[in-house]
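Inspection log for the structure reproduced underneath, given as structure tokens.
Chain lettering (A, B and C) follows the sequence in which the chains are written, and residue indices restart at 1 in each chain.
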Amino acid sequence: MIIIGLSFLTYLLMYISPGDPALKKLNAQGITVSEETLEAAREEMGLNEPFLARYANWLSNALTGDLGASYKDGLPVANKLMHAMRYTLILSAASLAVSLIISLPLAVITAVKKDGVLDNIVRLLSFIGNSLPNFLISVLLMYFFCVKTDLLPVIADESVKGLILPCLALTIPMCARFLRQFRAEVLEQLGRDYVLGARARGVKSSVILFKNVLHNAAIPILTIVALSVGTLLGGSVVVETIFRWPGIGKLVMDSITARDYPVIQGFVIFTSCIYVLINLAADLCYRRLDPRVGQM
Amino acid sequence: MDLTMAARKKQKRRLCVFLVLAGVLVLIGFFAPLIVPNDPNATNAANMNASPSTKYLFGTDRYGRCVFSRVIMGARTSIFSAVILVAVTFVIGTALGMVAGWYGGAVDSIIMRIVDIMLAFPQMVLAIAVAGILGGGMINAMLAMGLSGWTLYARLARAQVIAMKNEPFISAARLSGCSNTKIMLHYLLPCMLGGLIVNAATQLGVMMIGIAGLSFLGIGVTEPNAEWGSMINQSRAYMQLAPWATLAPAGATVVTVMIFNCLGDCLRDYLDVETAK
Amino acid sequence: MSDKTILSLEGLCAGYGRGDAISDISLSLSTGEALCVVGQSGCGKSTLLKSVIGVFDKPVISAGDIVFDGCRLSELSQKRRCALTTSGMGFIFQTPGAAFNPIRSYKKQFIETLKSHDKYDAKSFLPSIKDVFSRLGLQDCERILASCPYEMSGGMNQRIALALVILMQQKLLLADEPTSALDAVTRRTVADELIAMRTDCGIAQMIVTHDFALASYVADRIAVMHCGRIVELAPAKELVSSPLHPYTRMLLEAVPALGGSIPTFSDAPVQSAGKLIEACAGHFVLSEV
């Protein structure tokens, strides 16, 4: 249901785009436009059929994995996206992993030692990080590491060294958000009665923390992480464009410049499906963690 | 009891400080054309990439335009677009959410299905695609951000209305013959306004970052209009020559977003205590 | 019933930072004895329990001392003190089941509690639990252990909590309003189990409640608290039949009877200063010196 609505909306997106698709396609290919070529292109693209018929056609193709062909070079959109996806996946997975490695332990420590020195420092840093847009971080990182000190390459090649800056640019704001939200979740769990009860029973604090508090906090934390994938995908467009990382983000920006609409459309449907699937997977995980979820 | 009173007083003071700061920002935005020392769009080939001086506080950019004036003018664009965007999405989202929650049934399922669909898109991904397809311009950028922005308020308002629907005071209003509209506006809305406003306040920073991000990508506010995101994008190519042209709008963005984020946090803390008491 | 003193409080004062919530509490409890502490909400009953167990950040004991099982608690390090009290005292909350993590099985939580006190033995775990459960009349031992607290009714949760106290072979049970969240039938079951714990296992009990009916049913002795002080302490029957302190009389008059009207409670100030003086054998009253 959601997927159909999603696809319809994406299709609508293309429909409302200004101008004649056939004209745009020809322009994108750099063909001189005449009345005949235009009419031929319209016929070929099925533009003379009614809107809904075209949508049904497009949808049935999309369901079989055919997202149409790029206006620019005629390559199938799905192939282009899949190719670029590899890079985005590396970048996103790396940033997500780094963010979790940094923010999870820190969030637990700061929640347990609330109002301590570390807690205050981390809170300040995460507040600053929350107010920094990722494009700004990218530019600043570039300024300090490339322009000022020449430590790292400006344009990200595919080596690990090239991955560092774009990964950092995505990690910093995400860490800031995670820290803040994780800490709040752990704090909330720490204030629950069962923690008092376990302490009154003399259960070791390590057992209380790792087996009980973290177990219960894992459910909201999982939600936060799954939702952050959306931010990550959006953020990767900016970061990939700045560092010229050949992922889907850069692909879509190039396509926007070239007015290559099928690619943009494919990008939206592709990322949204990933996002929905990840959140679905998170839902399935809840059932394992919280027996109450399955019964509701 | 003294302790909570003191804490509350402190919260109130913090809230006031940030309200004043945010007010100053809005005023700067409002009176921007009167404040700017130089014409923000006047190019000057003789004075390109000049370092900061008394005439040009933040130096000049590649075209010799006064960076300080452009930052001030950018405040107008950034702050007003965010405020208007939040206001519009707030009103639309709240109205739809209330209608969905109050009437239930088919209206509810239609509205909530739309919300579900919008939520399936990552917000920035949808915004980038919409802005990219519609082409640049501030209105298009706002439209792109607002497309999914309203769902937050719709969900909140609906949940609140459903929770309050069967409260005795609502039944009483209904029995005494109040119309649906009157119940919604006079009874339901005031009860949930606090929570919604807190959310709207925290959204200000998010929207500001979003619009700046779109402009940075070149699909939001475009040249020659001054906007911080696009200024950063334009100037980053010659950052080595004129770092001030990048750092000034960057600083402005960070400070503004921080102030609005703080305001949202303070408001939340303040109102939370209010409801808890 | 032996006369061995398990717990004695010596002029205990404790509070939450600003002034004492309880002051000058002195009483003692022998093995197998049940003491009910009765009073209005806010009189310091729960504070008393929490300062005895002493694992929470608050309240802080400001004066006086606690002797538990022959150990003077103030002489121990915080860590030793916690180990001693948590292994020797059981704590039952007002909300049944709230003391357990709602989404983890009882089995896991029982095992981790026992392990923390080095009392876990894989072989004897199940048989001994079965034994305890059957003593409390709980059927279906395995099913209960595999369930999570959120799946259980309030009464069940409370009884399972009692079972753990027996299983841990604790010497003292501290119960904070153990029956106030239960319905009348379950309340009776839990009350009977409290009595069984005392007579069968010799577990001393300090039960905090505002419910005079429960107190006179379960307790050997009753202490009445007001404004953070004990105003009267006497054997249960004697206190109910011939209360000496005016506040006790007021409380007793306020107990609602079935078929009667709900009595009002006069808010007249009662004297709550002075010293606890033995009026007759075993019957102490707070009186001005």
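Everything below uses one rule, namely that a residue touches a chain if its C-beta (ideal position, glycine included) is under 8 Å from a C-beta of that chain, and two chains touch if they have at least 3 such contacts.
Worth saying up front: this structure is predicted, and the values here are computed from it rather than measured.
Colleague: Show me the overlap between the contact partners of chain B and those of chain C.
Modeller: A
Colleague: Does A-B or A-C have the larger number of C-beta pairs in contact?
Modeller: Ranking A-B and A-C by C-beta contacts puts A-B first.
Colleague: As a quick test, compute the distance in whole Å between the mean CA positions of chain B and chain C.
Modeller: 54
Colleague: Centre to centre, by mean C-alpha position, how many angstrom separate chain A and chain B?
Modeller: Between these chains, centre-to-centre, one finds 22 Å.
Colleague: When the centre of a chain is set as the mean of its C-alpha atoms, what distance in Å lies between chain A and chain C?
Modeller: The answer is 54 Å.
Colleague: Identify all positions of chain C at which a residue touches two or more other chains, and write them in rising order.
Modeller: In chain C, no residue touches at least two other chains, as defined above.
Colleague: Check each residue of chain A and list the ones that touch at least two other chains.
Modeller: Within chain A, no residue touches at least two other chains.
Colleague: How about chain C: which of its residues touch chain A in the complex?
Modeller: Contacts found on chain C: 53, 55-56, 82-83, 85-87, 90-91, 93, 95, 98-104, 108-109, 112-113, 115-117, 148, 150-151, 164, 168.
Colleague: Which of the residues in chain A end up touching chain B in this complex?
Modeller: For this pair, the touching residues of chain A are 1-3, 5-6, 9-10, 13-14, 16-18, 127-128, 130-136, 139-140, 142-143, 147, 229-231, 233-235, 237-238, 241, 252-253, 255-257, 261, 264-265, 267-268, 271-272, 275-276.
Colleague: Quick one: in the complex, what on chain B touches chain A?
Modeller: Residue list for chain B touching chain A: 113-114, 116-117, 120-130, 132-135, 205, 209, 212-213, 216-219, 229, 232-233, 236, 239-240, 243, 246, 250, 253-254, 257-258, 261.
Colleague: Give the list of chain A residues in touch with chain C in this complex.
Modeller: 193-194, 196-204, 207, 211-212, 215-216, 289-292
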